[in-house]
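Below, chain A partners chain B and then partners chain C, in two separate complexes.
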Partner chain A sequence: MLATVASFGRIGIEGYPMRVEVDVRDGMPQMDVVGLPDAAVRESRERVRTAMKNSGFRFPTASITINLAPADIKKEGPWYDLPMALGILAASGVLPLQALEGVMALGALSLDGTVGAVTGALPMLIKARERKVRRALLPAQNARECASLSGIELLPIETLGQAAAYLAGRGGLQPLIPTPYCAENADVPPEVDMARIRGQLSARRALEIAAAGGHNLLLIGTAGSGKTMLARCLPGILPHMTEREALETTVIHSVTDGFSGGLMQQRPFSAPHHTTSAAALIGGGRYAMPGEISKAHNGVLFLDELPEFPRPVLEALRQPMEDGEVTVSRVNARCVYPARFQLVCAMNPCPCGNYGSRTRRCRCSPHEVQRYLSRISGPLLDRIDMVVEMDAVPPEEVFAPGAPAESSALVRARVEKARAVQSERYEQMGFSCNARLPAGRLEQLCGATESARALLMQCMKSMGLSMRAYTRVLRVARTIADLAGSERVEEEHIAEAASYRGSNEKYWK
Partner chain B sequence: MSGSQGLGRIGEETALRYLERKGYACLGRNVRVGKDELDLVMRDGMTTVFVEVKLRRPGVSGAEAVNRAKRRRICRAAVVYMMNTGGVDRPARFDVVELAFDGVQMYVHHIPDAFPLERGKTFV
Partner chain C sequence: MTKAEGVWLWLSMTGGVGARTAHRLVTFFGSEEAVWSATPQQLERAAGVSLAQELAGSRSGDAINAHVRDCRRAGITLLTPASPGYPAGLLDLCDPPCVLYAKGDLSLLERDGITIVGTRRHTRYGERITAQLSRELAQAGLVVVSGLAEGLDAVAHRAALDAGGGTIAVLGNGVDVYYPAVNAALQDDIARCGLLLSESPPGKRANKGSFPMRNRVLAALTRATLVTEAGEKSGALLTAEYAVDCGRELFVVPGNIDSPASYATNRLLRTSAEVVLETSDVLDRLGLAAPEEQPAQPSIKLDEEERKIVQCLLREPQSFDELSVLTGFLPPRLNSLLTRLELKGIIDQSAGRVYAMKR
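Moving on to the complex of A and B:
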C-alpha cells in the first residue's frame, strides 16, 4: 500500500514543501530511501526500524520503498524519521490512510521512539502556514521557537507513540496556543548596563546617537579604555524589535544555532573573533549557511581589534553593508540572506595602544602607527559614520562619589523616541532610520536650515571633507536633531556631527 | 571436525522439528544455490522463511556469528531461490535459529525477521 506524509525541507532559510511517499509491499524484507538523501537521511532506516519496534509497533516484514519528493533537491538531516515512521504505519495498515490528510510532520527519532528537535523548524513552519497546511506535528523541543505562529495548528509531540495515537483518532495532544510577539515583553535586562560605565561622557553620547540613527561606529582608544564594554551596551539601548524583525532574526538563528527558546527578544550582538574567516563572516559551507553578518541581522556586528582582521575579510563586508543582504553560492545551494546590521568596531590607535593617550607614552614610531592604521581601507572607513576617540578614565573619575550614570533603560527611552520620529518621517519609503537614508533624497528629507548649510560648507572646506563624508555628516546631524526633538537640522547639530568626523581626519589624513 | 559436523546435523534436525511444531512447513533442507547454501527453507503461512541455523559454542552467540558476509551469502541465495520459484514479489523473511548444547540437552532460540535483505555488490 502507498501512503504519503506531508513534510517540509529547507534550503538556507527558505522552507519548501516535500512529500514522504512510502510504499510497503510483499517481497524481500528491505527498506530503501530514494530522493537524494544525505548520509543522515540514509541512516534513518536503522533509526526508524528500531524506534518503531521500541515503541511497540511491528516493523513490517516487507519490501519498503520511501521516496522523498521532489527528488531533485538534496535532503539533509534526520528530520524525516518521524514522517517516514508514520508513513510506514499508514502504508502497512496500522493507521488509517485518511488520517494523514492535512497534516505535516517533522522530527528526528531516537532509538527509544522519542522525537528529537529539528534544526531550522521555524522557516519550514512559516512556509507550511503559507501553503495552508492545517496541522503540524513537530518535536516538543521546537514548540517554543514556533509558538508565535498563528493560523496553523501546532501539535508538539514527545514520542512516536503519541503521534500515532493522535493520528489514529485517540487524541491525547494539546494544540499549542499561539503567543503573539509583544515588544514590551522583551524588557529583559541588558547584558551590560550603561549605568556601569564610569565617565566617558562623549563616548556615551556617541553610542546613543549611533543607536538612535542606526549609524556605524568606530571606537578608537587606548588599551583598557572601555571600548569593548561600551560596545556591549549597544543592544541594551537599541529600540525593541518589531514582530517582523524578531521573526526574521529568529529564522536565521533557528537555522544556524538549532532550536531556540521562543522569538528572540534582544537584538543580536555578534562578536566574531579576528581570526574568523571570510566564509564564516559572510556565510558559506557545503550548504551555504548564513554567516556572522546574517546572525547580526537587525542587530549589532561588533569587530573588536579591527586592524587584526585580515584585509580580505574586512573588504568582504563592503557589499553586504551597502545592500543589506548577501548572496552565498556553493555547489549544493545558492542562498540570499538578509544582513542589515549595525557595524561597531573597536581598535587601538597604534600597536602599543597608547598613541594619543593623555597619561601614557606611546612607544611606536610614526611609521609603525601609520602602518597599523593603514590596515583599515579607505572604502571601509567611508562606510563608518562616526569615529569616536576614547581615553582611559582617570582614577579620580572612576572612584568619584555621586549618583551612578544613566541606566540603559533611560537611554533606550530617548532612542525609541528618536526612532519613532524617523519611522514616521520615512513611512512607506522602504527604510526606517537615518543611517539608511539614500544620498539622493538626503537634501530633500533632512531639512537643514540655511545657517546650518553654511556651517557645513565651511566644515567641508576647512576639514577637506569628501562628498561621501558630507552625506555622512548630514545623516548624523539629522539623528542628533531627532534626539533633540528638533524638526530642522540646526547649526549645533551640524557642529556635533562634524566632530565625529574629526578623529577620522586626525588619524587617516 | 566430524564430531562438530555431526553436532551441526543434530542441531539442524532440532531446529526443523522446533519450527514444524510452530506450524511451519518445510520447503527444503540444505538447499544449494550455486556456491551458497540455505540451511532451511520453510513456509510460515504465505511467507517464505529462510532459516540460518547456528550452533552456539561456549562464549560466542550464534546470532553474532551470522556476520555481514554470511548474511550477504544467504540473501544472495534467497533472491535466486525466490526468482526460481515464482518471483521476488512474495512475502519473505530471514530467521536465525540459535542452538546451545550443554552436553545433555539442546536449547533453542528462534529469532524471526532477524535481519533485512542485505545487498552486496554482486546483485541489485
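Moving on to the complex of A and C:
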C-alpha cells in the first residue's frame, strides 16, 4: 500500500514543500530510501525501525520503499524521521490513510521514540502556511520559535506514540495558541545599559545619532577607553524590531543556530573575531549557509580591532553593505540572504594603542601609525558615516560618586521618535532611514536651508572635505535635525555633523 | 663647468674616496688640475695602491661630462668647492662636501639662514612652537634650513613656505628621490619655491650613514642652529653637536622637564645652548632686526558662547568631555560650537578629540 506524508525541506532560509512517499509491499524484508538523501537521511532507516519498535509498534516484515520528492533536490538532516515513520504506519494499515490529509510532519526521532528538534523549522513552517497547510506536527522543542505564526494549526509533539495516537483520532494534542509578536513585550533590559558608561559625552552623543539614523560608526580610541562597551550599548537604544524584522532575523538564527527561544526580541549583535574568514563573515560552506553579516541582519555587526581583519575580508563587506543582501553560491546551493546591518567598527589609533592619549605615551613611529591606519581601505571608510574618538576616562572619574548617566531606555525613546519621522518621510521610497538615503536624492530630500548649505561649503573648503565626505556630513546632519524635531537642516545641525566627520582627515591624510 | 669643478665631481664619483680624502688629495697636489694630471705613481704615493687604482679607473672626462649633462637636463645644478656659488660656511667643516646637487632657487644660499631641526616623534607643543618660530624667523628674512624628515623638520619647512619665506631642505638621498614618502608634496613645493640640496647624486637612495652626513651640512650651512624638541636619541642632537663643533650658535627651546620629547633639549640648555623664549632671542643674538610689527590680524568676532570655550582653551588644551564640564554646554551644542571655532581658524583638534588654540 502507498502512503504520502507532506513535509517541508529548506535550502538556505527558503522552505520548499516535499512529500515523503512510502510504499509497503510483500517481498524480501528491506527498506530503501531514494530521492537524493544524504548520509543523515539514509541513517533514518535504523532510527525509524528502532523508534517504532520502542514505541510499541510492529515494524512491518515487508519490502519498504521510501521516496523523498521532489527527487532532484539533495535532502539533508534527520528531519524526515517522523514523516517516514508515520508513512510506514499508514502504508502498513496501522493508521487510516485519510488521517494524513492536510497534515504535515517534521521531526527527528531518537531510538526511544522521542521527537527531537530540527534546525530551521521556522522558514519551513512559514512556507507551509503560505501553501495553506492546515495542521503541522512539529517537535515540541521547536514550538516556541514558531509560536508567533497564526493561520496554521501547530501541534507540538513529544513522542512518535503521541503523533500516531492523534492521527488515529484519539486526540491528546493541544494546538499551540499563537502568541503574536508585540514590540512592547520586547522591553527586556539591554545587555549593557548606557547608564553604566561614565563620561564619554562625545561618544554617547555620536552613538545616539548613529542609532537614530542607522549610520555606520567607527570608534577610534586608546586601549581601554570603552569602545567595546559602547558598541554593545547600541542594540539597546535601537528602535524595537517590527514583527516583520523580528521574523526575518529569527529565520536566519533558526537556520544557523538551530532552535531558539521564540522570536528574537533584541536586535542581534554579531561580533566576529578578527581571524574570521571571508566565508564565515559573508556566508558559505557546503550548503551556502548564512554568515555573520546575515546573523546581524536588522541589528549590529561589530568589528573590533578593525585593522587586524584581513583586507580581503573587509573588502568583501562592501557589496552587501551597498545592497542590504548577499548572494552566496556553492556547489550544492545558491542562496540570497538578507544582510541589512548597522556596522560598528572599533580600532586603536596605532599599534601600541596610545597615540593621542593624554596620559600614556605612544611608542610608535609616525610611519608605524600610518601603516597601521592604511590597512583600512578608502572605499570602506567611505561607507562609514561617523567617526568618534575616545580616550580612557581616568579611574578617579569612573568611581566618582554622582548621578548615573542617562539610561538606554531614555535614549531609545528619542531614537524611536526620530526614526518615526524618517519612516514617514521616506514612505514608499524603498528605504527607511537617513543612512540609506541615496546620494542622488540627498539634496532633494534633506531640506537644508540656504545658510546651512553655505556653512557646509565653508566646511568643505577649510576642512578639505571630499565630495564623499560632503554627502556623509549631510546625511548625519539630517539625522541630527530629526532628533531635534526640526523639519529643515539648519546651520547648527551641519556644524555638529561636521564634528563627527572629522577624524577621517586627521588620521588618514 | 670648469676643469676644477670636474675634478671635484670625479673625486666624488670615485668609490672609496670620501670628502676628507678628496680634500687631502687636492691639498697634497696643490690644485684640482694637478690631481687630474697626476701620474699613477704619484697617486699611489698620495692615496695608496687601491685608491690609486680606483681613481685611475674612474678618470674619464666623458663619464663626468655625461653626468653633468644628465643633471642639467633634470634641472639640477652642481656646486663644488671650486664653484663660485658654493656655500662658504661649509668650508668650516673638516670634510666639506665635494659636490652638492641643488635643485631650486640658488639665491637662497646667499642669504642668512637658520637651521631648525627637531624630533620626528614630537608633541603638540613641539609642533606648535616649531611652526611659530619658523614662521616668524622666515618673516624676519632668514632662510629656514632643515632636513625634510618626518615630524618637526617638515613642520618647519611648511611654516616657512606658508609665511612666504625661503627654505632649504638638505637631503640624505638624491634630490629626485622622495623620502620620506609622506613628505613628497612638501618636497615638490620646496623644489619649486625653495631649494633642495644633497650630497648624493640623483637617483641615490639614502642609507644608514647618509643622515649623519646630511646633518653636518645642515649645521655648517647656516650661522645658527635651533633645536625645538628632541628626545633622548633624536638625530637632531647630532646636528646640534656639529653646530657647536663648527662654532655656530646653538639655540634650544625649553620644554616640560617631565616630557620625554624634551629630554635632550632641556639637557642641551644645561650645557651649551642659548635658551629661546621668543623669536627676538634668536634675532638679537644674530644681530638682526625684528621685522616690522605685522599689521594686527583682523579681529575675529566671537559670540558669548564661543568666547567661553576660547577662555577654557587659553590655559591649556582640553578634551571634549573636559570642555563640556567646564563650560556646561551639552554635547550637541558643544559639537556645533567647536566646529564653528574650527572654521574660524581659532582652534584645532588632534587625535583623541583634544582641542587647542591654534596659536
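We take it that the second predicted complex is superposed on the first by the 507 of 509 C-alpha atoms of A that agree within 3 Å, B and C clash if a C-alpha of one lies under 4 Å from a C-alpha of the other, contacts with A are read in each partner's own complex, and residues count from 1 in each chain.
In this text, a residue touches a chain if its C-beta (ideal position, glycine included) is under 8 Å from a C-beta of that chain, and two chains touch if they have at least 3 such contacts.
Quick caveat, the model's predicted, so the values are computed rather than measured.
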Three-chain arrangement built on chain A, chain B and chain C clash or fit: fit
How wide is the angle at the Cα centre of chain A, looking out to the Cα centres of chain B and chain C, in steps of 10 degrees? 130
Would you sort A:492 into first (chain B), second (chain C), both or neither based on which partner it touches? second
Between chain B and chain C, the one with more contact residues on chain A is chain C
Which partner does A:370 reach: the first (chain B), the second (chain C), both, or neither? second
Where does A:132 make contact in the superposed view: on chain B (first), on chain C (second), on both, or on neither? neither
Taking the superposition on A as described, I'd like to know which of chain B and chain C A:202 touches: first, second, both or neither. second
How many Å separate the nearest C-alpha atoms of chain B and chain C in the overlaid structures? 71
In their complex, what parts of chain A are in touch with chain B? 25-31, 49, 59, 61-63
Under the touch definition given earlier, write down the residues of chain B that touch chain A in their complex. 47, 75, 78-79, 82, 88-94, 113, 116-117, 119
Of all residues in chain A, which touch chain C in the complex? 199-202, 204-205, 220-222, 349, 355-358, 361-362, 365-367, 370, 389-391, 393, 455, 458-459, 462-463, 480, 484, 491-493, 495-496, 498-500, 502-503, 506-507, 509
Contacting residues of chain C [partner chain A, same complex]: 120-121, 150-151, 180, 182, 260, 319-321, 324, 331-332, 334-340, 342-343, 345, 349-354
